[in-house]
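In what comes next, chain A is part of two complexes: it sits with chain B in the first one and with chain C in the second one.
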Partner chain A sequence: MDVNIELFLPEIIVTIFAFAIMAADLLMASGERKSLARIGIIGSLIAVIIIAINSEIRGITLFGFFVQDSVAVFFKVLFLLTGMLILYMAQEYEEKIKQFKGEFYMLILFAVLAMMFLASSNDFISLYVSLEFLAVTLYILACYTKEESASVEAGLKYLVTGALASGFLLYGITYLYGATGSTEFSQIANVINGKDVSGFLAIGLMLVVIGLTFKIASIPFHVWAPDIYQGAPTPITAFLAAGSKAAGFVILMRVMFTALGSIRPHWVFFISVISALTLLFGNLAAMPQKNIKRMLAYASIGSAGYLLMGIAAASQLGSGAIMFYLFTYLFAIAGVFLAIVIFYNSEGSDGIDAYTGLSRRSPILAATLFIGLLSLAGVPPLGGFIAKLYLIAAVVKEGLLWLAVVGVLMAIAAMYYFLLVIKRIYLWQPKIDTPIKVSLINKALLYGINTSTLVLGIYPGPFTEWVMRIANVLFLK
Partner chain B sequence: MTTWLILFIPLISAVLITFVTRRQKDLSSYISIGAVVFCFILSIDPILNLLKHPHMEPIQQSFSWINIPGLHVEMGTLLDPLSILMLFVVTFVGSLIHIYSRGYMHGDPGFSRFFACLSLFIFSMFGIVLSNNFIQIFIFWELVGLSSYLLIGYYFEKPSASDASKKAFLVNRIGDFGFILGIFVLFQATGTFNFIEINHILEKGGIPDSTLYLAALLIFCGAVGKSAQFPLHVWLPDAMEGPTPVSALIHAATMVAAGVYLLARTALLYHLSPDAMEVVAYIGGFTALLAAVIAVAQNDIKRVVAYSTLSSLGYMVMAMGVGGMTAGMFYLTTHAFFKALLFLAAGSVIHAFHTQNIWEMGSAFKKVKTTGATFILGSLAMAGVFPFSGFWSKDEILTATFTSHHYFLFAIGILVAFISAFFMTRLVFVTFFGNERYHGHPHESPPVMTVPLIILAVFAVLSGFAGLPWFEPNFGTYIAGPSHGGHGEHGFNFFVAGLSTVVVLAGIALGYIIYCRELTKDPLEGNVLYKLAHNKFYFDEFYDNFIVAKIYNGIATICNFAEVNIIIHLFVNGFAYLTRESGKILRLTTTGKLQHYTLIMVAGVVALFLLFGAL
Partner chain C sequence: MIPLSHYLLLSLALFSIGVAGVLLRRSIIIVLMSLELIFNSINLSLVAFAHFLQSMTGRVFVVFTITVAAAEVAVGLAILVAVYRRRKTVYVEELNEMKH
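This part shows the complex of A and B:
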């Protein structure tokens, strides 16, 4: 089989830029490394442009391990965009990192690379290798501020729980291999089509799904999220929320729809129950939280529950809705976490208490949290509303009314805990009223992110059509 | 492209005034006036185009807003004779009212806010007029509700104004609820929201009559709310709490006409459901009569004009109900001119006399000659005197009623014509002639107010000739309902015209006899009918004491019970309990100890396997 380099040119570019960061880091005098973030952003931008130019090139290469299709293209663009925003956020955060500043950016770029490979994985072997590649970079990034015990603890917990989950996933893959004699998705689909679901196949399916719930932070492998979200450096928390979760969903979509789509009647209830439990757990547990990052961790568990509704629906609408949700989610998370970083740099706290009266101290930060949090809660006319609407519509269309009811009720719960923060920001008097300085470029970026959230909510038409067209690919036989 | 520009210029103006130029009052007003005048200029091209091609194909420009499997919602504009006519009315009358407002609102502390709200209103109104589908028209329908709420409650520090704005908003919501249900019924039946597609599907037939009937009635609810038809008419008179230009703009020429426009837009649906049309016709006729009688006994100059508006709206709805779409839209157009004129002239009188009570004016004509002259011209048009515009348009409605064999409604129409002539005469004589009852030194308004009056007066007098039945092309060439087979006719019936002229003259004569002398209070005051009419037939009391006190409070009691016991105790406190408990459990699970985490993970896997038993 030929190796078609054209198909993974963007990955090559990102690799080169990651190494370029490392080399530049060696050559530079000690001190700040913000320029390295810019190298990474430029590299990601070039990769996006190459994807855009080559967007029509499709195919399978590397002995069936690697597929380039429109789903992969969509997610690669999403990951590169996430990477750019995280790199930007990271250089705002750089003062907090004492050692190995350069490697921080390099690892972020490598994590993006791993996600890109995940988006293209077409085989359980390449899936597993890419997943571990991603996991290892994230383990390091989570405990990057070594001086803080919370960060180190977070990294260690992430590593151990991650290894456990990875074990379950691998165990499940072996069962699937045992049942079908293949690790490639399309061949597995061919073998199981029309066969009874029992024994190895069922055990394998359940173990693989359970193993993947670690990446998306859903029941039963959600336990790591609160501690790690709170303890990790804030840009990495945002990366885990927006990037890692999206990576989990692209492989869930490929495994559940491409490989196991034909036995959907057997797993739909299983996924629905996981989705409902995750929705309930994440949203209810978010209510009493005092730390904003910890609250967002629970909210992100809740989001995983919503996104699983799209997997349960297993339809064009459901998958399109997942992609729409992830995109609006990225903007909401990027805005909110950038605001948190700026706020932390000025105030040195992540406690929700500290945000009291923020609107009088910095209107732009307050507005960003307002729009970002309400979009996460799913309030019209913001992007998050449309995304939730699509997901709920998707499960209703497939007859899963009870799941839709859970989704709607938990959207109300989400309104509650997000509005508590917003009430504090807008209606309460601040204890100190010194304004918080926000640099011009940060302001511009926040405006851009907020506008994107608004535009996705007010005029979702073209973007919806795009994701629905892409989603259709998953269900073409 | 032009249509999108027309739609969004007022929005840009509203945003600009709100966020940038709020402090510069003059600039704000110029932006707002400039926006609407520019829209008027932009709409000249489509109007000329229409005049050249009377049977133009509708021009649609749309993009899809939400397009997911099973649901397609678009945003778009539709230019056809109907929307172009409305566009002309809204931009033309709107421009004059904007200019007039600069004089009328002079020195008001909320000057910029007023103009921002006006621009927002114009934007919403354009949205209704230019919509090509039901979802969009509904969104703008609500936006019109919102902006009228803001404008009616403009003097929000006055409790009566804020009450009136709330009332208008809430009463409209009742109608809108039916409207949205009707949209869903129609969507269920046809699978689309687009007006033209719906018409194609309706033409093909195959939809059960009961569905059409239901959809038509529910959509009519929307029109009943916006066009203030019985039984939701109560908000319009109270809405006079807003500044007078607002009354002229939204309660005479545009917003209240939206209901009639909606009926014209969905004319085919009603055409296919004759039963629904009968309901529309009788509701309209009843509203016309009821409001005309109430108008006789009002002493506030704006309220008289407001009830005459109600009565006119009833007339238009009645026309729609008897299949006279051409007549109804023609009346809407001429009415926009003369009613805006009457409101603005009334505003000019109020501006001069600082009172709205006609019994505190008297002999006003000497002091405010231009205003008085234009007001009298408007009154003649309103009364329907030959050859003013109101004569031609009212006559067509009567002819449509007569030729469609609705003789009872025809009799009501004649009666309303008589009463209208009577109360307009009363208003003119008590306000402008007779003995002086005012205090202070009233003086004529500045040209920025009187020039728009004069322009409107010209249209109030002459616009009727657009519908002369003997010449082609006339108004009906352009605007035609489905029952005319695509060609609207201006019927002329000498019996109808003669009879209406006789009763109008009789009404004027009666008004002259009773009111053209030295008076200090209304000579009819002791009369029982007068008392009933003066108190608006106790509709507000009925709504407050019966509907609100008994039914509404009964529902409120049930809701309260449900709220306290189900929502608060079960959901809120239950949620709180659940949260506290889950928090406690969480404190147990999130010990921070890694061993516990891994234990939970493995236990979760085991639990799932037990639950699903390997599926």
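This part shows the complex of A and C:
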């Protein structure tokens, strides 16, 4: 038997803790459910520690389905970190969900588990199964507030578009399998290396890319994002923005670089066009939005466009930049959405006009939105700026100047709509003056997240070197 | 013996009918049925490829896709029931609460 348990020990820990939450939920009174989130956070922490201890163990196991390399390790830590922040956010949001059950936390942990398996997938079969595992948990989470008709509507739309997209992905995988006779990434790479691109391979490649655009919310499967971001419970929106997108990019990197890297000249134009269209659509459509979650949905479509620039570059610099971008993106999203949750708990509204004069009512929430939104827009000296700079540098280096120009122009557009919100928060007079209470632990967390965004922007050196070293693994033959 | 292209054309036809059904039909129940059609067309081409390539992988893959599609439809129908309870409709064009 080709099973090396050491390699997937973190996944086992997360599974055990997810089931522990389910069991504990049956025993606890409904008032004590917040401690379930703590169980989840402790489980994620233990998994991170195990990954850190075992970080030197590498290899392929489970009959070639599962690979543990430094890219997988990086993304697993990222996903567990996302999971911890989302569990904390969910616990803040809990009172807003009527008929709340502990399975909410369990499903979040299962989604993290699915993302971890995705980061380690080394075969189209394991990729597909973990992708659907993630998708099914997210469908349930998106419509968890059953009594709100917006939430169930969001869940249904998410399911229909998601299933359609996975149909495209699977049909593409079928053709790749037909062209190469294998579903394992490295074997596919061996078969197609140095050969002409056949019709089957071209069809498969195109359908796989189109199918994967659903997870990252880019054109042509971007239509779900605004409705689902707006309708889903806010912690789940943050999870979709930070976690699901990162999961989409780790498999995109594996498929495009590991399996199909040798035929890059045939797909680089296709990806570049998708990237440019996504950048234009996301950033321009974000401008007239009146709901902050919906605006962030369009902004997140725009971010997918930036991240696709790194895929189009298909270089060490490009994939390092993707990882750095996702890391800064996580902190920006976590800060902004935690602020939105706290604001919603006190005001009951997600409309942008409700944020008028927020700086007079709660300086810390205003400062978090200021730093988070500007980091998303890519303003120096914040983390998001360095990330965008690296992505643009990566495409310039590969000679895709036109794409870089689109990227720079859309960064300016992003600055415009985020600055409109910030102007409202800082320069306008609030209608009501009552201060918004922020608990001490929330304050500490918000300060921590803001400091991370600042540190990643001011002193990115060691961190970028680290991600570039990790990215190297994808291009070793 | 029936050549590979026949299987692939049949699968493509079923896939196209499925996609058209998802995009054009009003009732969500028919949309979910069309999704099933898409997955079955994929299963057909997977098995055809596996047969002509003399490889086991495709056959194993089909078992996985059938299982996953069943799980997905189970969740889909549950969500549909929740939508119906809340909105008293199963028609796509009436689900447009968040346009603004």
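Quick note on the criterion: the second predicted complex is superposed on the first by the 474 of 477 C-alpha atoms of A that agree within 3 Å, B and C clash if a C-alpha of one lies under 4 Å from a C-alpha of the other, contacts with A are read in each partner's own complex, and residues count from 1 in each chain.
Here is the rule we use: contacts are C-beta pairs under 8 Å (C-beta built on N, C-alpha and C of every residue); 3 or more make two chains touch, one makes a residue touch a chain.
Here the structure is a predicted model, which means the values were calculated and not measured.
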Partner chain in contact with A:I42 - chain B first, chain C second, else both or neither: neither
Which superposed partner A:L170 touches (first chain B, second chain C, both, neither): second
First, second, both or neither for A:K157, with chain B first and chain C second: both
Which of chain B and chain C A:D227 touches, first, second, both or neither: both
Touched partner set for A:Y139, first chain B, second chain C, both or neither: second
Of chain C and chain B, partner touching more chain A residues: B
Partner chain(s) touched by A:K290 [first = chain B, second = chain C, both, neither]: second
First (chain B), second (chain C), both or neither touched by A:V273: first
Contacts of A:L62 with chain B and chain C, given as first, second, both or neither: neither
Touching partner for A:E465 - first (chain B), second (chain C), both, neither: first
Footprint overlap on chain A, comparing chain B with chain C: 153, 156-157, 160, 164, 226-227
List of chain A residues in touch with chain C within their complex: 124-125, 128-129, 132, 135-136, 139-140, 143, 146-147, 149-150, 152-157, 159-160, 163-164, 167, 170-171, 174-175, 177-178, 181-183, 226-227, 230-231, 290, 294
Residues of chain C that touch chain A when the two form their complex: 15, 18-19, 22, 28, 31-32, 35, 38-39, 41-42, 45-46, 49, 53, 55, 57-58, 60-61, 64-65, 68, 71-72, 75-76, 79-80, 82-83, 86-87, 95, 97-98, 100
Interface residues, chain B side, partner chain A - complex: 63-71, 75, 575, 578-580, 582-583, 586, 589-590, 592, 594, 597-598, 600-605, 607-609, 611-612, 614-615
Of all residues in chain A, those that touch chain B in their complex: 153, 156-157, 160-161, 164-165, 168, 197-199, 202-203, 205-207, 210, 219-221, 223-224, 226-227, 266-267, 269-270, 273-274, 281, 284-285, 287-288, 315-317, 320, 386, 390, 393, 397, 413, 416, 459-462, 464-465, 468
